[in-house]
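Presented below is the structure to which this report refers.
The chains carry the letters A, B, C and D, assigned in the order they are written, with residues numbered from 1 in each.
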């Protein structure tokens, strides 16, 4: 049962991701990416991480992707424009080939490397190995020697992003 | 049961798909979406490894990655808008004034 | 209180950044506000705190460690920040950059850099990297009227995001090895495996982390963003990021690769050696043909990353010369490059960036002092005695020779000999070419003070380097 | 004592500071006077320090200014050291330097105030660096001076930068010197890793003590290491001292003001290479192969420059090639182990060559910038002081007996001969014939015969085709610096500020040689005994090493007798040697006279014979006029490929036409390379990302394949 679910979600994630990069319409890409995130959320559930799955849907799919969608609609760009003739004539086919080769190589390398590490089986005793507890996550996140500093550092990160977004995107005055 | 390296291989494949998007797409927004795919692939590794080691740290790191992704998306989209203002296009090939 | 001691410098800088931002928010339209002063106060405070923390080896939250190594980098960053602030006042106004945002982002950037240097945890390094990167991306694009600025910012942003995705993947594999992102635990896990073939996960982690760092220090082949970003950014930002980002990134690079990844030295030395060699050669060869000063200094910056990599490689547990040389080199490069680019920035106006080679024609006639100082900085970048650049390169190369990296030392000497040509082209322009009378703006007293400070540092480090070098040697003892 | 040594470089440096920063506001007499005053003061201090040194035992003064570079086992203090060798050098630098400063006051008088101050600030800075170079007690300190003098030389060559040729010449000098410096740094690093020290005295002692080690550095034996290190150092020396193949910059350096040519490119800086070898005499003595190379290069350079000097028509270029040639002699001396003889020649050469340059400067000054010998002639009557002093200089360099050049040159030739290098000796003798010939060709063309500089002729003879015009006259020479224009007919001899240095140097050129009268002539060869300690291991260090268990070393000969080098110490030459020496002396005196005779024949009596000869051996003549085409060779083999690689290949896309036009045989490799690499920095973000990914794929691939 779990194996079947894994394959379904994995296939879904791969196919939607491929479609994201294969789409000419950015709007469709965003939508497909949301689907891909959904598949990943499913995998998170399988990995005993329901809280992360929920966050994935709410924050990633719900907030970040909507931001993308918003910009796509703001700029009113339904379709990718054709390549400029100068580039379409000369550089593109070779560039595409190189790109494809490089990505395939990277994929091959990663798969080969990761398949060499030996099958790691997850612990079977759910009581001992449960990582689904929100309490555990919460107390670890805010513990002094846990992720408290990372949490605070994130606040600066968001502040910087906020200032940056405002100063870059606002109209000249 | 599904072993850990199935998840790791899946994440590797997703990561590679993300990288290919950078070359294939001639739209800056889609290129940014490819980066999101890559970050999600990494997230999958974190969660899977966390589950394998029996620690919640993997999930917690995921939250930080999401935050970073959000911050990057905000700045990146602001830059996209700024670029679009200068030149009414989002093709990466259009922005080659700085070179050599 | 002692629990929080280690983060005091970081907090002070973050607070001064926030103060700068608020000052802008409460500024009446048209009102002039000395925001740079706030930054100077904050940086001085951080420097002072760093001095007080010296030798304390304070730790906070288990992830920030203010050992002498981090404090040394903190001080370098404070020098970078202070010089930037001193140059900024006039330049920001002249180039019509949004002042509040500019200062806030610069200070937050420094905050991220300090965090990166002191982080004892890969996740914190990643977050700090993002803080400083995002600030610098935005700063690069701050000349909003200029298309080049936006283009540069976006290129930097996009490639930076890719590289941080790779870096993050490396963090994930490191996490998979040890179950933690703490550097000490990763180190324990790796050395527990002992000799023999390292596990695949460790190799993946090393490779991907190296990619992330190599991007930030602009090593070949991860350097492509550098010339474009440096050229498109406002010159003062170029000055800031070329020095600050390099210092912070190298700090973390050194800490990660020489402390937890030290057991894997046999695996990463060949890779980084190759990268260092190619970096020096490409940076120098391509730099020779540039006619834009900022671009030329970008290639110079690439070449300098190569020299710094030699310092990182040339280490053994018994010999800290390479690491100390890296610290010394970073300080030298900071004052020198900031001085050189600072002069370019101070001569620029909104209409004319004053960054083309021909803009410098006859500078000696119209601005003899600036031309003289520029010469000093350029000679130091070229590594001529008795300037700091010579000593810094000297230490790097002797460290390389001591550790048996002869080819790197030879390539280094060779490229630094060649690199003098392109620095010399600027000198030729300034002294040996009649200039058209380009109107050049006034240079304020604060900026002159900054330049004088940088020049003094260049000569001090060149003539009496021992004290600083001893400090550097003492401070690197903590990261093994 | 401490302050005294320190003052020697600091005094000129103070002069530099004042002239550089407030020079613009000073009048000429103040800035020039100040520059001369600091140099004279430095000379005074030098004399005083040398005097003190003579009383010390052992004869050396050291000033330790504390640690300069220190990390781990690398300890480099900033130490100045005065020993007999550096004593000779500082006396030459400050003494002749002072004279040239004084001369400059008159020579540069027509420059505007600010340029005047700039000139003297550079000159002072140069002197300061030069003194650091010779006083430095270890390699890095010496290197400070080494780089510094290169920089000043570059600034001074390009002083009249409005002339494109001057700016180009400056760049060329700098570039060639950088190549030499590369050798210097690498040699320095190699010495450091092998011997663990960079102090000249330490290195000498350790080199001698470890000479027999089979594996001093990796697999290399100590001798191999020392050979490589000394070859690298010699590369540095060749760059500074304009030896083959790095000699190309010196003739072009004549674009600078003439006093600069006299000071930097004749008397002081260019001899730094000779000094470097003398300073490391012990090290070089342990590397017989290097010594052979040094001698061969030296003699080849001497011959080559001498032949080129025969056909040059620019008065300063003749002198420049003569300098190159004489430096070749010095290297020959170094190469056969006759260090003292080489330094002796360096010292006498400083006098007469500075004199010749200053004399030529006086001529150029009088002729409003005219430098072409074909347009001179008959100046004897108009410039008596210049003529007579110049004649003394020429006699000295030609090796006419009882003038300074005679003693030093003869010493070198004798040492070469007596150490068994007959072939080298023969070339040396031929070169000495050439020297006399081209020098007196210069004297006769410039000062004797008809005055030719007023006639008019529409022709502009080119350098390559001077044959037909040799007796002709050039019409409108562009004044090198317009300031002197205008007074054609009222030729005036050197003003006092220029005449006094000329006279002093002329006296020097006569008497300077008497410190080294050889034993054969009943002299005591004082300079050799005086210099000897500098070429040996310091006395107290020797004890140190003996005590530490190393084999006792009494002198370099003790450890390297098998090389059969010319003995550098000899208290009394055997009688047979003295006879040989006397014979050789007679021979070279004859040769000097013969050379002058040849010059007189061709330049005064039968000028058409010279033309006929040039026609007859047209190919050879063209070869000499074009300086053996070395510049062209470099242009084709080195400069163009680098330009292509940087501008064409990596930097930006080039169209095939550009490459075809300039490549000229560089080969297909560069073109295909640049074709592949041109896309690198395309400006497209996707290329950049591709480069990044390529790096990732390569790194991960490397790991997967290896492990």
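One rule holds in what follows: a contact is a pair of C-beta atoms (placed from the backbone, for glycine too) under 8 Å apart; a residue touches a chain by one contact, two chains touch by 3 or more.
What you see is a predicted model, and the numbers here were worked out from it, not measured in a lab.
Novice: In how few steps can one go from subunit A to subunit C if every step must land on a touching chain?
Specialist: When the steps are counted carefully, the minimum from subunit A to subunit C is 1.
Novice: Quick one: report the Å distance separating subunit C from subunit D, using the average Cα coordinate of each chain.
Specialist: The separation of the two C-alpha centroids amounts to 41 Å.
Novice: Which integer distance in Å separates the CA centroid of subunit A from that of subunit D?
Specialist: 67
Novice: Let me have the rounded angstrom distance from the C-alpha centre of subunit A over to the C-alpha centre of subunit B, please.
Specialist: Once rounded, the distance between the two centres reads 5 Å.
Novice: Could you tell me the distance, in whole angstrom, between the mean C-alpha positions of subunit B and subunit D?
Specialist: 62
Novice: Note the residues in subunit C that touch 2 or more other chains, in rising order.
Specialist: 123, 127, 130, 134, 137-138, 141, 144, 153-155, 158, 162, 200, 203-204, 227-228 - these are the residues of subunit C that touch more than one other chain.
Novice: Could you tell me which residues belong to subunit D and also touch two or more other chains?
Specialist: Correct list: 651-652, 681-687, 689-690, 693-694, 696, 700, 703-704.
Novice: Quick check on subunit B: which residues sit in contact with 2+ other chains?
Specialist: 8, 15, 18-19, 22-23, 32, 52, 55, 57-58, 64, 68, 71-72, 75, 79-80, 82, 93, 95, 97-99
Novice: Going by the touch rule set out above, what shape does the chain contact graph take here: line, ring, star, complete or other?
Specialist: Contact pattern: complete, every chain touching every other.
Novice: So in the complex, the part of subunit B that touches subunit D is made up of which residues?
Specialist: 19, 22-23, 92-93, 95-100
Novice: Give every residue of subunit D touching subunit C within the complex, in rising order.
Specialist: Subunit D residues touching subunit C: 20, 24, 66-74, 140, 143-144, 147-148, 151, 155, 158, 161-162, 167, 170-171, 174-175, 178-179, 181-182, 185-186, 189-190, 192-193, 642, 645-647, 650-652, 680-681, 683, 685, 687-689, 691-692, 694-696, 699-700, 702-704, 707.
Novice: Would you mind writing out the residues of subunit C in touch with subunit D in their complex?
Specialist: Contacts found on subunit C: 154-155, 158-159, 162-163, 166, 197-198, 200, 203-204, 206-208, 210-211, 214-215, 221-222, 224-225, 227-228, 267, 270-271, 275, 282, 285-286, 288-290, 319-321, 324-325, 368, 372, 379, 384-386, 390-391, 394-395, 397-398, 401-402, 409-410, 413-414, 417-418, 420-421, 424, 428, 431-434, 463-466, 469-470, 473.
Novice: Please give the residue numbers of subunit D that touch subunit A in the complex, ascending.
Specialist: Residues in contact with subunit A: 679, 682, 684, 686-687, 690, 693-694, 696-697, 700-701, 703-704.
Novice: Per the contact definition, I'd like the list of subunit B residues that touch subunit A in the complex.
Specialist: On the subunit B side, the touching residues are 1-10, 12-27, 29-30, 32-34, 36-37, 40, 43-44, 47-48, 50-52, 54-60, 62-64, 66-75, 77-82, 84, 89-91, 93-94.
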